[in-house]
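So, here come the structures, one by one.
Same chain, two partners: chain A is paired with chain B first, then with chain C.
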Partner chain A sequence: MLTAMIRIQWKGCRHLVTALAVAAFGLPIASVAAGWHASATSLPRFLSELELWGLLYPGLAAVAALALGTAIWASDRRGHHVYALLLPVARWRYVLLRFAAGLVLLVPVILALWAGAVAATAAIDLPPGLRIFPHALTVKFGLALLLLFSACFAAAAASGRTLGIAVRLLGLFLAVHVAVILLRPGVNLVWMLVSALASWPGPFAPLGGRWMLIDV
Partner chain B sequence: MTTAIEARGLHYRASPEFAIEDLSLSVPAGALYGFLGPNGCGKTTTIRLLLGLLRADAGTIRLLEQPVPGGLPVALARTGVMPDRPHLHRYLTVAETLGFHRAFYPGWDARWAAELLGEFRLIRGQKVASLSKGESAKLTLLLALCQTPDLLVLDEPMDGLDPVVRRDVLAALLDYVSRRGATVFVSSHLVHELERFCDWVGVMDRGRLVVELPMAEFRNGIKRIRVVTADSAALADPPFTLLARERDGGAAETWVVRGWRPEMGRWLTGASVEVREVTDLDLEDGFVELLRAFRTGSGT
Partner chain C sequence: MSRRSAATLLMLAAVPPAARAQSASPWADSARRLSSELAALKDSLLRRDSAVIEVARRGDLVISASPGLQAEAARALDRFAAERARWFGSATPSPEGFRIVIRSTAELTWRAAFLTGAREVVLSGLPDSGRAPRGFSNRSWEPLAHPAGLDRVLLEQFAELLYPTTASAIRSWLPGAPPLAMPDIERRREAMRALVTASGAVARRCAAGELGSCAAALGLRGPRLHEGDGPYGTFLRADFLLFALESGGPRAWARLNDPAPADLADRLAAAARMPGDSLLAQWRRGLLSLQPAEAPVRTGGVLLALGWSAAILLGALGLSRWT
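Coming up: the complex of A and B.
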């Protein structure tokens, strides 16, 4: 069943996966080339250039996760999930099959980023004092992609009712946030939530920190 | 007698204007059950409830002796379904659709699938999105049949199909039923479509089941009777159901009755009613009269 699911998901998303893999391969190469070209003479400027480009890695992970997470459910959604619901498997099992097959589609993107990072760092003569981190960057990217994909997949799989509940909860949170700001201007609930989610041990911690392919 | 589908006291509110109300039906195992009703009467909603696509507000459902929704995966493994509208993955080819589908059904009959592909003139490499309505219907039926189910649920399978495709679809269906002895639950708003091959019929209207009975009884039990009666109010507690009653002028009346048997003429004579003529109604007229009686509240 999983093989069959992977096969049809690949068929449905192969153009998207190819485009994302090309982008993932090109990003480290483009970042190193741009940094080298702009500021080869100044090490701090080279590093700050690379740090700026580093923002694109979580950006790429977010785009890939959103695109794949929604594309995977697009066909089921178009058919109002009738085909899926008539298959002789429990709903949770079908969702798990879709998710597992989706994870397989992330692999080419992650591998492409790793290959791009290795190629980019192999093509330059590093100035003394700098080190390369292609594997660490790939692992960080992989984790970020996995987390964001899981979130997007879950949101795309949710029914309209569940999404409605989520939106209402979000609206309630924002209303409380506004009320708290009016009563105690120093307290920012949104910032506290984002910080809690994006810093260790929050679930989106891998998205934070520096995304450096080359660093001291 | 075992039942393939059993529903008791189903309630489901689809919208403020429409609801399935207190619907109970029983499809005997091995039956070719025609589920009749005008457009918008709730046939598709009922089928969706039976298959667990919708959750009933109240009532119980058993599909192939499995409770719905708890035992759905087990029941659906033995159930082939042809929904009312296309639902397959449009980006797959015919062959890829078959390959995906078979992965979920251990009883998949690959040889028959290959045969049916030829008979239905479906091209393996053709994309589902580019199939015509008839081809799409044939592919859906092929998928339902080749999983070798014990129960086939078909929602308006012939709707919008040309006569040639209808014949192909019907032939494949009857071939399977005759070989396997499977139960078929087929819905339609066209009476003559079901008349030819169904042996049970359930008639639905406005979210309720009007009647459920063997087709032979439905076909033979509804009559148009021309009578002359001296006292038009004299007909109390008759042994049949009076579906419609029209005055023809004077003492002559035309009745449409359900559950008529010849010996009932004697009962009418005793009630001072003279039977002049008894005419068989064809199934379509019987169906129309039944619905008319249901809507005016004069029959059951």
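Coming up: the complex of A and C.
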């Protein structure tokens, strides 16, 4: 059944997966080609530019996760989940199958990034003092993609009622945030929430840190 | 500004006849002072500074600002005063003190800035003597975009005014003022990258730990290096100068510019209050300690990502109760 699920999802998402794989392959190559001059005096600047390019890796992971996470559930949402409910499989098993098939769709994107990173670093004559991280960067990208895909997948899998409750809770939180800001300008609830989510051991902490393909 | 000029004119008019019999020299001084006051007044009018008022004073520093920038200017003066003491002690470009004017050239309510995009702020500084009506004028967009950056801009402008007064040995070694607008952590990281990636035999030996090569690559000792030896650029020199100043504490700038003749390496060592080799060793060690030790991915990060992914998947199982 997993094979059938993968085939169905591939049919629905192959253009998306191809586009994301091309972007993932091109990103490391573009990041190196844009700033590499092989001159020692420009290396610190090259590394600073590469650091900025590094922000695009979690960005690409977020775009890929959002696109694939929602595309995977698009047909089910259109049919109000009737197809899923008619199948003689438990709901949890159906969700797991969808998730596993989605993970398979992530693999080409991750492999494309790895190939791009290896190609980008193989093309340069590395001066002393610099190290390359094509494999570690790919692992980091894969983990970020997995994490973000899980989050988008969960949101897209939620029922309409659950999503409604989530939206109301979010609206309530923002209203409380505005009220707190007006009463005590130094307290920023949104910032506190974002900090908690993005710092260790928050769920998005793995997105932080260095995204350097080449570093000292 | 206009009040001061008017007061000066009144004082001149009220001088008793006996005093007019004085020698020409005091009169010439008064005329020069009045002339400079008028020049400053004219300059002020041309720059539409009429709405600018004094906001705060810290010792010999004075800050004035346009409406809308006054609270930020007062806060910036505290931070600027602390940073100035950190790098330059009590030195000023002018012995009479230093005045800062922060003037907006646009309506600064957030609504107007949002609608028109006009958020220009002009920083103007002038020694309090009136001898040099405008030491500098800088148009900066940064302060409003990042209010905390205002003191950084002030510090950089202050350094640009002060730096030409430093000892000639220092200026011939490092012609421009050090990059003080850059946050410390960024400057140190940039310097670390320059140190580690420098090519050339001498620079590589310095990276490996040979202090004599560090001194040669920095241009402190020995013959002038060829390009192939990898002499360090002005950025690393500036970082070394700032390191020496910070190591030496509040009087470091004064020791660096001691009027007694001394060579470059001795001045820097005196500023840092330590032997030259110790200064070089500490500077190099400090930069190398900023090298990232760990790989981009750590085991803890892998486990955390997997754990959270599993938890979110479990959540997805619970959320998907379609009916």
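Points to keep in mind about this one:
Assume the second predicted complex is superposed on the first by the 211 of 216 C-alpha atoms of A that agree within 3 Å, B and C clash if a C-alpha of one lies under 4 Å from a C-alpha of the other, contacts with A are read in each partner's own complex, and residues count from 1 in each chain.
What we mean here is this: contacts are C-beta pairs under 8 Å (C-beta built on N, C-alpha and C of every residue); 3 or more make two chains touch, one makes a residue touch a chain.
Predicted, not measured: the structure shown is a model, and the values here were computed from it.
In this superposed model built on chain A, chain B and chain C occupy separate space and fit side by side. The superposed model places chain B and chain C at 150 degrees from each other around the C-alpha centre of chain A, with the value given to the nearest 10. For chain A, the partner with contacts to more residues, out of chain B and chain C, is C. After overlaying the two complexes on the shared chain, residue contacts for A:Ala122 are found with neither chain B nor chain C.
When both complexes are overlaid on chain A, the residue A:Ser75 reaches chain B alone and has no touch with chain C.
Of the two partner chains, chain C is the only one touched by A:Ala158; chain B is not.
Once the two complexes are laid over each other on the shared chain, residue contacts for A:Leu85 go to chain B and to chain C alike. When the shared chain is aligned, chain C comes close enough to touch A:Val139, but chain B does not. In the superposed pair of complexes, A:Ala4 makes contact with chain B only, with no contact to chain C. Once the two complexes are overlaid on the shared chain, A:Leu147 sits against chain C while remaining clear of chain B. Of the two partner chains placed around the shared chain by superposition, neither chain B nor chain C is touched by A:Leu183. Closest approach of chain B to chain C, taken over C-alpha atoms in the A-based superposition, is 5 Å.
For the contact definition in use here, the residues of chain A common to its chain B contact set and its chain C contact set are 80, 85. Residues 1, 3-5, 7-8, 11-12, 75, 78-80, 82-83, 85-90 of chain A are the ones touching chain B in the complex.
Taken together, the chain C residues at the contact with chain A in this complex read 190, 192-194, 196-200, 204, 207, 230, 233, 235, 291-292, 295-297, 301-302, 304-306, 308-309, 311-313, 315-317, 319-323.
Remark: chain B residues 51-53, 72-74, 76-77, 81, 83, 86-92, 96, 99-100, 103-105 touch chain A in the complex. On the chain A side of its complex with chain C, the touching residues are 40-41, 43-44, 47-48, 80-81, 84-85, 91-92, 95-96, 99, 127-130, 133, 136-137, 139-140, 143-144, 146-147, 150-151, 153-154, 157-159, 162, 200-201, 203, 205-206, 209-212, 215-216.
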